[in-house]
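This structure is in structure tokens; I'll ask about it shortly.
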Amino acid sequence: MIWLLNLALLMLLVVTAIAVVVNKDLLAAAITFSVYSFIMAMLYTQLNAPDVGLAEAAIGAGATTVLFIIAISKTARREED
Amino acid sequence: MRLAPLMVVLIIGATLAIAVAGMPAFGSSDAPAYTHVVPRYLEKGVEETGVGNIVTAIVVYYRGYDTFGEVTVIFTAGIAVIALLGRE
Amino acid sequence: MSIMFHLPIIVILIPLTAAYLMPLVGYKWKRLCNSFAVVALLLSFLGSIALARLVLTNGPIHYHMAGFKPPWGIELVADYLGAYMCVVISFITLLVALYSKEYITKEVPEPRRPQYYTLFLLLTGSMMGASVTGDLFNLFVCFEILSISSYALVSISGEGKALLAGYKYLLIGAIASSFVLLGIGHLYISAGTLNMADMFVRLPPLYGSWTVLAALALLIVGFSIKTALFPLHVWLPDAYTHAPCSVPVLSTLVIKVGAVAIIRLLFNIFQPSFVMETIPMTAALSWMAAIAIIVASLFAISQTDIKRMLAYSSVCHVAYVILGIGIGTELGLTGGMLHILNHAVTKGCLFLCVGAIIYKTGIRNIRDFGGLGRKMPATMGAFTLAAFSMVGIPPTNGFISKFYLALAAMTAGRGELAVVILLSSLLNAIYFIRIINITYFGIPEEEAEIDEAPLTMVYPIMMLAACCLILGFGAELPLTILRPAAQALLGV
Amino acid sequence: MLEEIPLEFLLRHYNYWTSVVLVMIGLYTMIVKKNLIKKLMGLNLVETATFLFYISMGDVEGGVAPIIAHGEHATDVVYINPLPSVLILTAIVVALSTTALALALAIKIYEKYGTLNSERILELM
Amino acid sequence: MPELFEDVIVRTIARLLTPFIQLFALYVLMHGHATPGGGFQAGVIMAASFILIAIALGLQEAKDRVKQKVRLPMESFGPLTFVVIGIICIACGGYYLQYTTVPLLPSLQAVGAILISAVEVGIGVTVMAMVTTIFFSMAGGKHA
């Protein structure tokens, strides 16, 4: 049954990726990106790579998102057309 | 103009998709990626390095030079950010 | 094991270690930064020469990192090409470091100078590392260090346009890195190894696989972006135009390292017979290069900004190197690799001259160069000599490599490529002669008090100009190492 | 060659397909979106998709993480391939470094031009 | 930007949480031999604790905890560890980074384990210092 979980995570991954792309609010996009990274970390752990999962959770969901948020707070929050 | 980026993306996607067709099945244990270099790490890793986590063993010992490069990458990035924004 | 055996790693470690110490040096003694960098690069240059001599007498050195045999550990392969690249890189960077002492006082704000030298040394070390590595993933890591440091160096002046050029370079370069990483993954999944020599042996049975072909395509595209091969060169003109003049000189080395990566990919990872006969990869590359040479030359003619013109000229001349690879004979490869050195020296000299001009006068538009020939005789003399070399007028070094390439094209039965080389020389002549004409015979609009640039700037320029002549008369010197290099690559 | 591939074979590669889709989404974002930070997010999507590709390649059916306690190599256990994990640990650092530098550049660009829309900046130049 | 929260709950929880995060970072660092983790992940988690302080208690507070004077040598520490250990290995007759050639203890394995730990600590220190510095540089007010 583990492949079902895997498949569900992959679906969710694509959905969050699209959410990151279409969201005009950059702050929301950054938070969604953090969710995306977190799903990715879960997927890595589920694929038996816990080291990479830990690293992705700390970096993708943590450090990268913090840097994104800092940068957005220093610049414009909304994406202009 | 809107068509050009779509074409680029589709071409690259097609390249990657064709590549997938030639790959060994997902999770198979007789793929060359698993049978050529890796067995030594798994069998002798603990004996040769004294580290139980094989990933750590490879990171700091077998491929220690890559890790040296990796630390250099983050060092470079930090210096680059300081060069652009100044220290605090 | 004698210390000589460890030279491949020592040569890389010297600039890198200096880079790690540089922030501390810069914190305590700001004035010493330049001397520190120069000393480190001098040591590295001496080491590279020793390495090249060693390789010439004893053959390629295989250095097993951490003592593990190749498929398991990382291997450094200081072969003829790698040793040659180390010498070229350390020589040019040494001169640029000397030159930077005065030059960056105008271009880089005071508190950022330690960072400038740190990035400079990191760039040097990683370029050498990329030249001598025998492991595909390690090549990627070295490429990342050199890319990240060049993104930062391009925008280090902190001016708006420089920042944008750096951002553009970063996005395009990062995409290239992703392609390279994907390509490495595809090769790994097929062959099960990351070592180049091991792949060379293990790939042939898999040549029919779609995965391997896609990997080849991804890697070629990725490295072509890093090399700025014509349709993928878009990042280069902006980056060269807005960066301080010492950076494009380093960057000409960066794109050459990209060309070396293509050489490694085609001849050290794949078998030469495969890329030449089974799939017409080298033929395709030679046609791409031919188009690039012509189009980039035409672009260069239409520029008025001297730096942008030289940037397009770089696109044109890196295509010569690719053309040599594309011809794929021993002569062609020799010519292409010889052009790596010759173009680095010549273009380095031109950019440093332009830097001196901008340092003294702030002029960037070619039309305002009138009368500079009399006011800055040493700089403009060197500029003229280097321009002749660019065009390929005999006794200069540019003639030698163009001659080799044309000869290779003729003997390989590709006369049309020889025509392309000849045509591009004419186009080169158009835009360089125009500048020389203005500088010596043009009349300045206003008589400004301009004198020669400082000695620390003129000296490297004169060195490089002298090298243009020395390498023209003494082309045998680099050829002693390049002939065995070409033979080794083709497996003759 | 392509038409001989059975449907089941395609389904067995779903991890790879997802990574291909993510690469395409990311690339499309990078090319089409005008906002510099959005482009960077697209770049991050491409990079993580590459990581997913590597980690999927390392997995082995019925395998466990390659952690061997107290030096006892159990014979009946299948370990997964540790090498892709190692490579990706390095690549993650590279991605973080690139992102950090790009964001620093973006902050500086915003200070100079007051916008991050690439077309608007080109007008201002 | 970070001094958004003057809320007492946020401040207290951040104060309480920080030591535990740092402890966890040390655990990840030291147990990288037997469990998932290692210098790199530990460094980022450690940096995260300082980022948390900066966000909850203000940038100045975080800067006081890791002063620039301390961070400066830490940034170069990791790569220099590699260089120094590598050169020691060369001096002892091995290849670069061949840890087991250093004849310090009777058992070469033990030396290898010690040196591997040293390298991990080096990686962790540099990553921590660099991520913190990048954060401070970006978050710190006016840029020159």
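Just so it is clear, A, B, C, D and E label the chains in written order, and each chain counts residues from 1 on its own.
Just so we're on the same page, contacts are C-beta pairs under 8 Å (C-beta built on N, C-alpha and C of every residue); 3 or more make two chains touch, one makes a residue touch a chain.
Computed from a predicted model, the values in this text were never measured in an experiment.
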{"item": "Shared interface partners, meaning chains that touch chain C and chain E", "value": "B, D"}
{"item": "Most remote chain, CA-based centroid, reference being chain D", "value": "C"}
{"item": "Between A-E and C-D, the pair joined by more C-beta contacts", "value": "C-D"}
{"item": "Chain whose Cα centroid lies at the greatest distance from that of chain A", "value": "C"}
{"item": "Whole-Å gap between the CA centroids of chain D and chain E", "value": "25"}
{"item": "Gap in Å, rounded to a whole number, between the CA centres of chain C and chain B", "value": "26"}
{"item": "Euclidean distance of C-alpha centroids - chain B vs chain D, Å", "value": "10"}
{"item": "Multi-partner residues of chain E (at least 2 other chains)", "value": "34-38, 40, 75-76, 79, 86, 96-97, 99, 127, 131, 134, 137-138, 143-144"}
{"item": "Sites on chain D at which at least two other chains make contact", "value": "1, 14-15, 21, 23, 27-28, 56-60, 63, 65, 67, 69, 83-85, 87, 89-90, 93-94, 96-98, 100-101, 103-108"}
{"item": "Overlap residues in chain B, where contacts from two or more other chains coincide", "value": "16, 18, 20-21, 23, 33-34, 37-38, 41, 52-53, 55-56, 59, 61, 63-67, 69-70, 72-82, 84-87"}
{"item": "Chain C-facing residues of chain D, complex", "value": "1, 23, 27, 30, 36, 39-40, 43, 46-47, 50, 53-54, 57, 83-84, 87, 90-91, 94, 97-98, 101-102, 105-106, 108-109, 112-113, 121, 125"}
{"item": "Of all residues in chain C, those that touch chain E in their complex", "value": "1, 6, 9, 13, 16-17, 20-21, 23-24, 27, 63-67, 109, 111"}
{"item": "Chain D residues touching chain A - in the complex, by the definition given at the top", "value": "14-15, 18, 21-22, 25-26, 28-29, 33-35, 37-38, 41-42, 44-45, 48, 51-52, 55-56, 58-60, 63-65, 80, 84-85, 88-89, 92-93, 95-96, 99-100, 103, 106-107, 110, 115-117, 120"}
{"item": "In the complex, chain D residues that touch chain B", "value": "1-2, 5, 9, 12-17, 19-21, 23-24, 27-28, 31-32, 56-61, 63, 66-71, 73, 78-79, 81-87, 89-90, 93-94, 96-98, 100-101, 104-105, 107-108"}
{"item": "Touching residues on chain E, where the partner in the complex is chain B", "value": "32-38, 40, 63, 68, 75-76, 78-79, 82, 86, 96-97, 99, 109-110, 112-113, 116, 119-120, 122-123, 126-127, 129-131, 133-134, 136-138, 140, 143-144"}
